[in-house]
Amino acid sequence: MIDLAGIVPPVATPFTADGDVDTASLERLCAFLLDAGVDGLFAGGSTGEIALLTDGQRDTVVRTVVGTAAGQVPVLVGAVDTGTRRVIDHARRAETLGADAVVVTAPFYVGVHPDEVTAHYRLVHDSIGVPVVAYDIPSAVHTGLPASSLAELAQSRHIAAVKDSSGDLSAFRRVLRLTEGTGLRVLTGSELLCDLALGLGAHGAVPGLGNVDPDGYVRLAAAAFTGDAETATAEQERLVELFDITSVADRSRVGPSAVALGAFKTALYLRGVIDHPAAAAPLRPLDEAETDRIRDLLTRAGLGVVR
Amino acid sequence: MIDLAGIVPPVATPFTADGDVDTASLERLCAFLLDAGVDGLFAGGSTGEIALLTDGQRDTVVRTVVGTAAGQVPVLVGAVDTGTRRVIDHARRAETLGADAVVVTAPFYVGVHPDEVTAHYRLVHDSIGVPVVAYDIPSAVHTGLPASSLAELAQSRHIAAVKDSSGDLSAFRRVLRLTEGTGLRVLTGSELLCDLALGLGAHGAVPGLGNVDPDGYVRLAAAAFTGDAETATAEQERLVELFDITSVADRSRVGPSAVALGAFKTALYLRGVIDHPAAAAPLRPLDEAETDRIRDLLTRAGLGVVR
Amino acid sequence: MIDLAGIVPPVATPFTADGDVDTASLERLCAFLLDAGVDGLFAGGSTGEIALLTDGQRDTVVRTVVGTAAGQVPVLVGAVDTGTRRVIDHARRAETLGADAVVVTAPFYVGVHPDEVTAHYRLVHDSIGVPVVAYDIPSAVHTGLPASSLAELAQSRHIAAVKDSSGDLSAFRRVLRLTEGTGLRVLTGSELLCDLALGLGAHGAVPGLGNVDPDGYVRLAAAAFTGDAETATAEQERLVELFDITSVADRSRVGPSAVALGAFKTALYLRGVIDHPAAAAPLRPLDEAETDRIRDLLTRAGLGVVR
Amino acid sequence: MIDLAGIVPPVATPFTADGDVDTASLERLCAFLLDAGVDGLFAGGSTGEIALLTDGQRDTVVRTVVGTAAGQVPVLVGAVDTGTRRVIDHARRAETLGADAVVVTAPFYVGVHPDEVTAHYRLVHDSIGVPVVAYDIPSAVHTGLPASSLAELAQSRHIAAVKDSSGDLSAFRRVLRLTEGTGLRVLTGSELLCDLALGLGAHGAVPGLGNVDPDGYVRLAAAAFTGDAETATAEQERLVELFDITSVADRSRVGPSAVALGAFKTALYLRGVIDHPAAAAPLRPLDEAETDRIRDLLTRAGLGVVR
């Protein structure tokens, strides 16, 4: 049984100038993350632009990440789609391609009752052979996963872990409390509260910014897990400042997803890890002034840039 | 060139007890709608549970509806998905299967800027050979299509029609005003304001309740298009009361989608049009008491029931 | 017993350069509205910046409007505040100053249950001697008044009228249906759907834009009430275009309230009705370019300007 | 100059059976809090039902709290109202009655731009002689106070402190970072993340649950301020469980405000501190079963009950 814990970056998906998956850049990114000592790779999360990838592109991403990971660390794969049967199709495909676990949100587009959401997770669990990670991301799916639902699903072993991207640390604390003793792995999706979440007993983190500075998050987690809160906090404070790259883009010109994803990919491009900074259509790229500002923030955070 | 106008019901998707698409019931439903004199069929809308159908099920639905329509009326097909490339894949598939137009929402799951939304529509338009209908459904995708964006896309001929499910008749009126002279077909998705929308100059309607009482909407439109506002309103008032079937289900037990979809399908089941009332997993079915209440409302609206 | 029907503009509150209530301008505005033939005056609505007026300023406004109306038409007064007892204090004061009815929203700031909202209306009704008008304005108070609650309060005679500023014409239609026969006066707060609302059977309208062009709304209502839908619609279409004055201000610089209120007051200033266009602090005034644009729109709508 | 730091409970407002302020109970509550060693008292916060109190009741509350505090600790007073001039009237009145600082939210009911919000705070500051505490409570006023606005107001000394009830610890951390060196006192309004907020450098906390268990919060803060994170966390965990009293009431019967306020007041009633548990109209009281459940939770948390 795999262990879902530690730093598991949601791997960005690099594209070529034509908008195809740039597998060479993706392999380089995975290697960059593995070299930093991450504990897992999450392919096809929100940061991986899962919602903008075709099924074919999703397969390419999973194959590439699984291939590069080569069993060194577990690979989680997002089975993100609107309805249960669609999710099951993606999950089975991911399992076939070598995923060690699948990451599943609540249904979206449709409006669902909390009991329909738990039924959704049970149906997905019963249809596949790898563990299910519940993905709580109300900003994207407009439905939250209440702590009580997670506790119920953890108790009945329908989910093996949760990735909490709710931004609500009170609720996160409640999840930790209500799932104690169930074996559920509780992972935070927050870039900014990692030190606190790990200090509270979280088993790991899935930070989008971990693409840009995996070493920082690995050091943060190592400190947190050995009880060195001071070092963890100092590292976190540096990463909080680095996260300012996601406030650089002009929101009167680009949407919220492009603002954040564009910043991560521009940073990876400047650091020489990937070849093109663009996000998938229809998201707009950052402009030159915004790119310059990100270069400055990377340098200030002590990260090397090559462009 | 097809004409997108008149009453175009968003066809419900009947399932067998096993959750497969019940093609016999679907054919019966299409025939029921065509017999009533509808002007088009919209397969794979929100009412058709598009978000809950696998790709295979979507194909089955499109094939069945296209086959049953047999060229008598245009068939619109929902190409509903989160991102541009995914939508293009669905749209091409629908075109191949015989769709006369594809219906496309704004991107969702991701957060987008209005200019990214218009780029999305232009990219979809440029990738297929059939007209694009913009689907404004903020309750599902959490992004609205501003009148100014629709006017821009109509002017440049990237969209041929809009289906407005915003519920905001002021905005609808503004769309009509700003797109006058562009040839854009403006369709309302409202069940309850059809008479008023058509009176304002809308070219048609796409009412979910039209599955249950297509004759009513056909009569309503006929009256509205010939300037007989009184008859249109009387018909509308009757349909408003019939729409109470969507308030029957207990919201402490089933989610908002199941409440409405369950009502339409239960009504079709009671009327003898389809064989099973259930919506797709994970949506919950209505219970017996709720079914009884729907039977009463059908009878009160003068609609025959066989169960 | 007064009759709450017809065109009842929510009177704007003009200020001097020092931010005091400009009673001379306010008298001129009331006279301007009365000359146009309005059927009532609503002092202290959202358009009257009730939320920004001190208690002393509220009294001045009520005294001035009541004095200028001089019994020619009923004067409605907003008793807008967060909680029941606060509302009762305002309502009693308004009654003492000569209000013919008080206009009351759901509680806000606090989060309330629908049954707590109906209790609120019953308590206010039982504490005063003039009729209560329910004010449904979810954009301001973030709680709607469901049709069922309004029907219950109409049946028990705790409210005499409702002003619907929800923007949801389906819900409005439902209110009309559920309160039929109760004697409840149903007024729309929409500037843009007045013709349709009156056509559906609404008893009147409370349009903010009625400050700027009361003659237009009076003509619209006269046509609607005599069944001349064509004239009503033509008048409405002209007013819809005039309403574009509320889209002029730059939302990256001023807030939503200042955008709309600033437009109305700037228009009244340009028309020579009031002496200063400013809204109350902290709302920002429109700038010169925005003022020029409003002047153009007034002229295009056939309204005279003197500045 | 007073120091706004440490544990500052937002004092609940007890009522008599008739709905008047129960000054004897309020004095007892203040004494109970002071005995526990709190560092300040906040009269007229959301927990104090400020939105439901008449101006006369607000005065009674302030007089009673100021009188009982008798200079032992600073008294903060909420000047909560919709608009700037209304807030200034309340703030001046509070100053006259002996408030050491006034607590001010963003404007509400109206829709405002961030720059209009900062103008609001500057105008309030310039009108009174006591410090202004910014109250960030988007759940009540539907407008947040961005970290950048708070930093600007702290830099220019228009605000002396902020009470953060946003529930967003990432944003809180950003406020701490951006206001470092300005002297701004940063207080958390969270009951559940007090240990973490103080650990991050917050200067104090304003927990509603502090009414019920002031000793717990005082111990928590003492531990946090002396760097004993373990004790602080243990105390917090106990308080998190106690906070379950706010999940007891049935939300199908009472609104969100009554659920929380009713729980605090019922607990104070059971503990013998106040004579009646009811909140102000129109909020509904908890029922007997809910009261029993709160009694259990108090006992489990080690708190004595007398009823």
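Which chain is which? They are A, B, C and D, in the order written, and residues in each are numbered from 1.
Rule of thumb we're sticking to: a contact is a pair of C-beta atoms (placed from the backbone, for glycine too) under 8 Å apart; a residue touches a chain by one contact, two chains touch by 3 or more.
Worth saying up front: this structure is predicted, and the values here are computed from it rather than measured.
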Shared chain contacts [chain A and chain B, defined touch]: none
Farthest chain (mean CA position) relative to chain B: D
Interface sides of chain B and chain C: same vs different residues, half threshold: same
Distance between the centres, which are taken as Cα means, of chain D and chain B, whole angstrom: 49
Chain C and chain D, separation of their C-alpha mean positions in angstrom: 35
For chain B, residues that touch 2 or more chains besides their own: none
Touch-based graph of the chains, sorted into line, ring, star, complete or other: ring
Touch relationships between chains, expressed as pairs: A-B, A-D, B-C, C-D
Of chain B, residues touching chain A in the complex: 19, 46, 49, 51-55, 57, 80, 82-86, 89, 107-113, 115-117, 119-120, 123, 139-142, 251, 253-258, 280-284
Chain B residues within the chain C interface of the complex: 167-170, 173-174, 177, 190, 192-193, 196, 199-200, 229, 237, 240-241
